[in-house]
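Mind having a look at this structure? Questions to follow.
Letters A, B, C, D, E, F and G mark the chains in the order given here, with residues in each chain numbered from 1 onward.
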Amino acid sequence: MEYVYAALMLNETGEEINEDNVTAVLEAAGVDVEQSRVKALVAALEDVDIEEAIDTAAAAPAAGGAAGG
Amino acid sequence: MEYVYAALMLNETGEEINEDNVTAVLEAAGVDVEQSRVKALVAALEDVDIEEAIDTAAAAPAAGGAAGG
Amino acid sequence: MEYVYAALMLNETGEEINEDNVTAVLEAAGVDVEQSRVKALVAALEDVDIEEAIDTAAAAPAAGGAAGG
Amino acid sequence: MEYVYAALMLNETGEEINEDNVTAVLEAAGVDVEQSRVKALVAALEDVDIEEAIDTAAAAPAAGGAAGG
Amino acid sequence: MEYVYAALMLNETGEEINEDNVTAVLEAAGVDVEQSRVKALVAALEDVDIEEAIDTAAAAPAAGGAAGG
Amino acid sequence: MEYVYAALMLNETGEEINEDNVTAVLEAAGVDVEQSRVKALVAALEDVDIEEAIDTAAAAPAAGGAAGG
Amino acid sequence: MSESERIRRTETIPQWKQEEVDELVDFIESYASVGIVGVAGIPSRQLQNMRRDLHGSAEVRMSRNTLTRRALEDVGDGLGGLTEFVSGQVALIGTNDNPFGLYQQLEASKTPAPINAGEVAPNDIVIPEGDTGIDPGPFVGELQQVGAEARIMDGSIKVTADSTVLETGEEVSDELANVLGELGIEPKEVGLDLRSVYSEGILFEPDELAIDVDEYRADVQSAAAAARNLSVNAAYPTARTAGTLLAKAVGEAKSVGLFAAIEDPELVPDLVAKADGQVRALAAQIDDDEALPEELRG
């Protein structure tokens, strides 16, 4: 999860969420950084509206409605 | 989400969820595959009891009901 | 459920959900494909807005909750 | 319940819910049709918004949940 | 949903849920029948105890409600 | 919130949540660090069971959804 | 301070005072954070215990206020700002630990104590609702006189509602001191009262030092929820969220399957249940019993 926190920090400070920045934050936290995970994070967030993603509850019970319907 | 769907498909067929298999499924679906995301997914799923996670979703309708109740 | 996952993957990538595409994805995942199921899937999804189907499900519990609450 | 199912089927296909159509569906399902029930059903459904009624079903489980809770 | 309705009608009347019977009911309701969907449905229902499926659904929301309540 | 994110990163990596570490992470994320906020954070988190708070948060969205419904 | 200044000072104040000031300066300079604590009303034995409890995390140094002020001014560097808090019975406190942590530690070590007539209420004084356990007698009148809602019930004197009998800053009367003493109410908190701390360039006052741990806990929760949501919604799996992500994907597939009535073996039981629910819902809209199957006739 530390990779996600790194992205959240950069999002708050308004810095770009790119591989260099994410890596720098992780290293400062003592993480033995895996570049592939950094890459994956940056790629996953590319087309995501972070504010919206943060506010949308990641609740699994989406299926609940379908079953009810 | 297509990466997760790919993993779930492999889980259903009993094939190993490894980088090669996930990549193959994604490519068949026309995904421009990011190897780093495949890696991250496979790594994250290593310690997850997939059946249990699926059951949570199956139980979700009840949870949905609970939310309503 | 693997047939449904295949359809969802194609939906994410924007590829057409037709028999050929679904079959290709399933085969890549090692499924011993039944053509009649593929046909049935494609037919069932013909007039369905998948995004809406996912969203409706997500919204439904809330509606239910309001009624129940 | 088969009489009501017959009405639901006709509703889905967009056929008129009249005595002839309901009777035809029931007979195809091997029902020994009672004309008076068909008449009563058709008359009773004249004032019912079937789509709306079906949508209530989606909410119903939640209501049931409330009762159970 | 009309395919499921047809199967359930046959279940109510005690007729066998096979491809011919389901097709007949659907045709009587004016459905342009997809044989693949009929096949898939009949195959899928082979292992399903319909009464149990109905009862489980009826019970689930109540259980959920209890959890929520 | 970036101060809290920094603390949670350290929690994930198992590093001590102390002034030096929090400051280092914040600076790497481009934050113009206020020492007094770092100090207050470190002192306050000494009395917070972080894992427990995270677990409660994990449960919360579902509950939140229920409340919202 | 230059040597000539030091000599000049030595000439203006007695030697023992200068030595004391020098010791205070050494004390101040040996800690990263220095503060002023009020020590009024602390019995000397309790003060001894407090100093012992602080051993290893903070040190208390008492002196005359004039000398304390002088030492603070001599060190300078912003520490002079602390002099305005040097009044009454105070002492210097020094720590190399976190000043917020020190404040919490000192607050936690405070103990309740009775308040005497003539003292000023440090906070609102409340006589709580409840049975005083005191037999009927003139005490009920004394309670009423100081402003408590009291009467005799079931053979004893009861306070019928929480009653604020004195507000912050007001002086305690003889009558009130007696009543509080009789009831065993100890409205004061006695202990080292941190008035201000100077730490690495910043002067903190108590309202800045009082951290709301619950608020931080809530922040941790929202931060954790934010990370979870982002991880799941962006489909970036982590060890903590992979399970949720799988469940979400399964949920979506189920939703679509049920919405589109896909004849999948895993979905058919739910589809059957859905159809049953719909037919019942429709039947519920039908008023005419004649049109309904026997099991549903009202």
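Following the convention adopted for this analysis, a residue touches a chain if its C-beta (ideal position, glycine included) is under 8 Å from a C-beta of that chain, and two chains touch if they have at least 3 such contacts.
Since this is a predicted model, take the numbers as computed values, not measurements.
Minimum number of contact steps separating subunit B from subunit G: 1. With F-G and C-G as the two chain pairs, more C-beta contacts join F-G.
Of all chains, the one whose Cα centroid sits at the greatest distance from that of subunit F is D.
Annotation: the D-E interface is duplicated by B-C among the options C-E, B-C or A-B, judged by over half of the residue-numbered contact pairs being identical. The mean-CA centres of subunit A and subunit G are about 33 angstrom from one another, to the nearest whole unit.
Between the Cα centres of subunit A and subunit E there is a gap of 42 Å.
Note: centroid distance subunit E to subunit F, computed from Cα atoms, is 51 Å. The centroid of the Cα atoms in subunit A and the matching centroid in subunit D are 49 Å apart. Residue positions 1, 5, 8, 37, 40-41, 56-58, 60-69 of subunit B are each in touch with at least two other chains. Contact of a single residue of subunit G with at least two other chains is seen at positions 223, 225-229, 235-236, 238-241, 244, 247-255, 257-259, 261, 263-264, 267, 270, 273-275, 277-279. Residues 98-101, 104, 199-200, 202, 204, 208, 211-213, 215-217, 219-229, 240 of subunit G are the ones that touch subunit F when the two sit in their complex.
For subunit G in complex with subunit B, the touching residues are 235-239, 241-254, 270.
Residue ranges of subunit B in contact with subunit A, taken from their complex: 34-37, 39-41, 43, 56-58, 60-65, 67. Taken together, the subunit C residues at the contact with subunit E in this complex read 35-41, 43-44, 68. Of all residues in subunit C, those touching subunit B in their complex are 1-2, 5-6, 8-10, 12-15, 21, 24-31, 60-61, 64-65, 67-69.
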